[in-house]
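Read the structure below first, then the notes.
Letters A, B, C and D mark the chains in the order given here, with residues in each chain numbered from 1 onward.
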Amino acid sequence: MTKTCVTAQVMKHTVLAGDVWELVVAAPEIASITRPGQFVHIRLTDTIDPLLRRPFSIADCDTAKGTLTFIYRVVGRGTALMTKLQPGDTINCMGPLGNGFDVTAKRPLLVGGGMGLAPLLLLARAFCSRPATILMGGRNEQELFWPNLYATVCQNIHITSDDGSIGHHGFTVDLLPELLKQDKFDAIYACGPHVMLKGVAAVAAQYDVPCQVSLEDYMACGVGACLSCTCENTSGKRHKVCTDGPVFWAQEVVW
Amino acid sequence: MTKTCVTAQVMKHTVLAGDVWELVVAAPEIASITRPGQFVHIRLTDTIDPLLRRPFSIADCDTAKGTLTFIYRVVGRGTALMTKLQPGDTINCMGPLGNGFDVTAKRPLLVGGGMGLAPLLLLARAFCSRPATILMGGRNEQELFWPNLYATVCQNIHITSDDGSIGHHGFTVDLLPELLKQDKFDAIYACGPHVMLKGVAAVAAQYDVPCQVSLEDYMACGVGACLSCTCENTSGKRHKVCTDGPVFWAQEVVW
Amino acid sequence: MVNTAEAMLAVNIAGIKMKTPVMTASGTFGFGLEYSDFVDLNKVGAIVVKGTTLAPKAGNNGRRIAETPAGMMNCIGLENPGVDEFISKTMPKLAAYQVPVIVNISGNTVEDYGELAARLDQSGIAGLEVNISCPNVKQGGIAFGTCPESASEVVREVKKKTSLPVIVKLSPNVTDVVLMARAVEDAGADAISLINTLLGMAIDIKNWRPVLGNTVGGLSGPAVKPVAVRMVWQVAQAVKVPIIGMGGIMTAEDALEFILAGASAVAVGTANFVNPYVSVEVAEGIRDYLTKRGLTQIGDLVGKVNCG
Amino acid sequence: MVNTAEAMLAVNIAGIKMKTPVMTASGTFGFGLEYSDFVDLNKVGAIVVKGTTLAPKAGNNGRRIAETPAGMMNCIGLENPGVDEFISKTMPKLAAYQVPVIVNISGNTVEDYGELAARLDQSGIAGLEVNISCPNVKQGGIAFGTCPESASEVVREVKKKTSLPVIVKLSPNVTDVVLMARAVEDAGADAISLINTLLGMAIDIKNWRPVLGNTVGGLSGPAVKPVAVRMVWQVAQAVKVPIIGMGGIMTAEDALEFILAGASAVAVGTANFVNPYVSVEVAEGIRDYLTKRGLTQIGDLVGKVNCG
């Protein structure tokens, strides 16, 4: 079984909060082989407007039902059009793409900011049997509908908000050292804005905890062919975010 | 009251036969001033695919309800997309455009071929009180669902089909002289393929009956600005099909 | 000082005073009157009328437009009633509006251009747009637009024959648009407009014939916007005269790209066919953008793209 | 005689034997292997690999792609591992497939092109595509593609250093593509491919900066198709060598336009990103078209547009 491109029917499509939506589609071929951290490249319509696919992390995946869940924020034309999807409509899904997280940790700490919390949700589910902890950050209370989603898959939930309207007032990175001191985490998994990832990586290095980060870049092909998403890694080699990533070990990344 | 551009809600959308559809939309601003023979320039989506508007004759118009009816055949990308419209969806309607038919005749004969029967339907309704006669032609029986539509608005219905599967075996032009001999028509109104119009115009001239024809051309603007639809008329002047037409006196047209 | 809504958008392009920086592109808005049911012409920056020639022209035969991906092609072939009819019949009607009228002129020879300029000089119009870039006519047209020397000659001749501001419209079908821009600026152009259409072709695979009656046609619409923005930006680095940017503008956002690239005004073309209100809506959108950003004048944006 | 389904589509472009006339365009299909999960590479006409240079190249900084109306822009900047790594690491993997591999080469100097040709001569590839039209690198690239003399020089040098078929890829960013085509044909090109990308630009109106890291980028996709078809048609009237047509092909219908215009083969580029199966689907669509029309060979269509 391998990467494929399938027509997927919309099963459910709801607003989670403000401009964040949850989209569930039936794509058993992809669901059956999905690993946490992977993503799907979505073509919304068969017209040429918009032309390119859009990458979205797989936020959840039900192999029994053959469904994939995406959690997305409306930011531009493609996502605005996406909100119009109704159950029964179809989209084209190409995936699963990317490498996914290493899931061998025994005491994982997940750190997510904003929409970076989407891929971590599936990762948390994979860690379900283990006592996973999540540290989540967002701008304000309204953005932090995430605790509900994580309630069943994480043992401990720590929250920070930029404005202090919920949880700890500040950024995830501010709270991170404290958590690392309290608990013996054997791996950190982070996804979120670049500046957050950079901060998390620095703290992880300081506390000598292995850390994986999931990166984003503008992508045309999603399969390593177009070189739109490459970056240099610390060993001087060129890496492709779409295939060598989106998940990288923090020490590979040139911050 | 004048030409306008409005968002119109789809009220009804059904297949009439094969690839011919009937679309009813609410556009009271346009319906209230529509004359038979006019058309609407339709923008289907607010994406740029397809980019241009598509012109469709107003096949019916209910001023009380404020609705317009279009009868269209699927021939390309735009009309294919059009079939997806559901009640409640909206399209953008620009109109009413074009000059419309002269409706002063006392004993009108309508001659329509194929989709040319769409604009004649509204014309027939305008003539309702008078004993209007329609001569309609099509390729075969399947295409001739039109008699049902005309049953209530025309007194006499004559039918020809290219393959003889319904009505007279042959073209409308073949039957036309006979009708003109039988009856004292004071005007002929024709719409259909160019070759049919040319034939009708010739017969009309021969029998000395005033004749109006409705022409088609590729249109960008629909309002006389782009000059994509112009043609020379018999007095050597340039005419615009969109504004000087689509209805012309047969003797104005260079066949 | 907070600027009034009106002053915010007002521009002066080589002496042509416009209420908004949004003009209508030649050939896409007729003589303006055709759109007066939809648009208050007094709210349009300027109306650039259809390409006008000395004698009336019937244009090309056969199909004249075709839709393309996010664009269209046309091969109208400069159909127009001739400059004299414009002056005697159309201009008096346009004079009823408070909107600058710019006449787009096309000739087969350098002398044609001069003669057109001379006849239009006292016609009440606000300026001339010299079309040296029409891809749809056999003689003249684009030939002048791809050769710096011929272009200069045309511009000098026109300048000689008129006291009106002279805008020169450039073709995108060239290796080096900057070379052309410099040439026409040196020859005396008061402003430069670009882009005219890209030369394209479509083939009907059902009958193995060109879709357009003239085989090839001019491509316009959103599809060409990236090329147009690039050329405006390149030319803005190279010339001092004001630039009128066009090519694929559908929204205020599109127009703002051109302005940031270096256009002092913009024109909407193909978009008129899609949305007849577009010229006014784009101006309003630009005003909203200025307001939101706390800017007081459209000039604050011109050429402000930071490529560092 | 009824042709077999296979023979119908087979083409021989300057000695490169392909099972279908549908190739993949350089830079849009990686080294082919990246798409092998989706496409049986043995069913692709030929794979043209990413632009290759002598030394490895890191490409441009910043954002490298942007969507445009019915198209996209890129400024990858020829990132590639260098010709030696291609020969030693990639080509052995590609050799496992029965598909002609064509290497797209780019140099800063005439000598670079010659050296690239020499090194690739015995590497097992089927041909060279000389890229004199890349808009995304500072030196070389497009400069060679806009000047007939430089282009000829490059082609002559490459021909001297290789026995492989040499395809020359032309830029659309020129006033007269026919001039360039004639020049490279005279210099010994065995085939001509076109079009490379149109130079474009987009500006982010939120931060007043170019969207792309390299300020400008190459426009591709459906938006450019009319320009590409026109250029293929123009060049087909002027040269005898076979033409590989590309620019915006998404469907078999699009490909057929290019073939009727005069292309003996076509390449799909941007479309791969949208539909990874496109190269095979387009070939199948062409076969269906031939079958429906009772034609036996793709050659029956080449250049058959009737402009009379």
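The definition used in the following text is that a contact is a pair of C-beta atoms (placed from the backbone, for glycine too) under 8 Å apart; a residue touches a chain by one contact, two chains touch by 3 or more.
These figures come from a predicted structure and were not determined experimentally.
Undergrad: Count the smallest number of chain-to-chain hops linking chain B with chain D, moving only between touching chains.
TA: The distance in steps between these two chains is 1.
Undergrad: Using the stated contact rule, I'd like to know whether B-C or A-C comes out ahead in C-beta pair count.
TA: Output for the comparison: B-C.
Undergrad: Which chain's C-alpha centroid is most distant from that of chain B?
TA: Centre of mass proxy via C-alpha means gives A as farthest from chain B.
Undergrad: For chain A versus chain B, what separation do you get between their C-alpha means, in angstrom?
TA: Computed from C-alpha means, the inter-chain centre distance equals 55 Å.
Undergrad: Using Cα averages as centroids, what's the distance between chain C and chain D in whole Å?
TA: A distance of 34 Å separates the two centres.
Undergrad: With centres defined as the mean C-alpha position, give me the chain A-chain C separation in Å.
TA: 47
Undergrad: Would you please write down the residue numbers of chain C that are in contact with two or more other chains?
TA: 69-71, 221-222
Undergrad: What positions in chain A touch 2 or more of the other chains?
TA: Residues 48-49 of chain A touch two or more partner chains.
Undergrad: Which residues, counting only chain D, touch chain A once they are in their complex?
TA: Result: residues 27-30, 34-35, 37-38, 50, 58-59, 63-67, 69-72, 74, 76, 79, 81, 221-222, 250, 270, 272-277 of chain D touch chain A.
Undergrad: If we count contacts the way the header does, which residues on chain D are in touch with chain B in the complex?
TA: 69-70
Undergrad: In the complex, go through chain A and note every residue touching chain C.
TA: 48-49
Undergrad: Quick one: which bits of chain A touch chain D in the complex? Just the residue numbers, please.
TA: Contact set of chain A toward chain D: 2-5, 43, 48-53, 94, 218-230, 232, 238, 243.
Undergrad: Quick one: in the complex, what on chain D touches chain C?
TA: 68-71, 73, 146, 173-176, 198-203, 205, 208-210, 215-217, 219, 221-227, 229-230, 233, 248, 253, 256-257, 260-261, 289, 304-307
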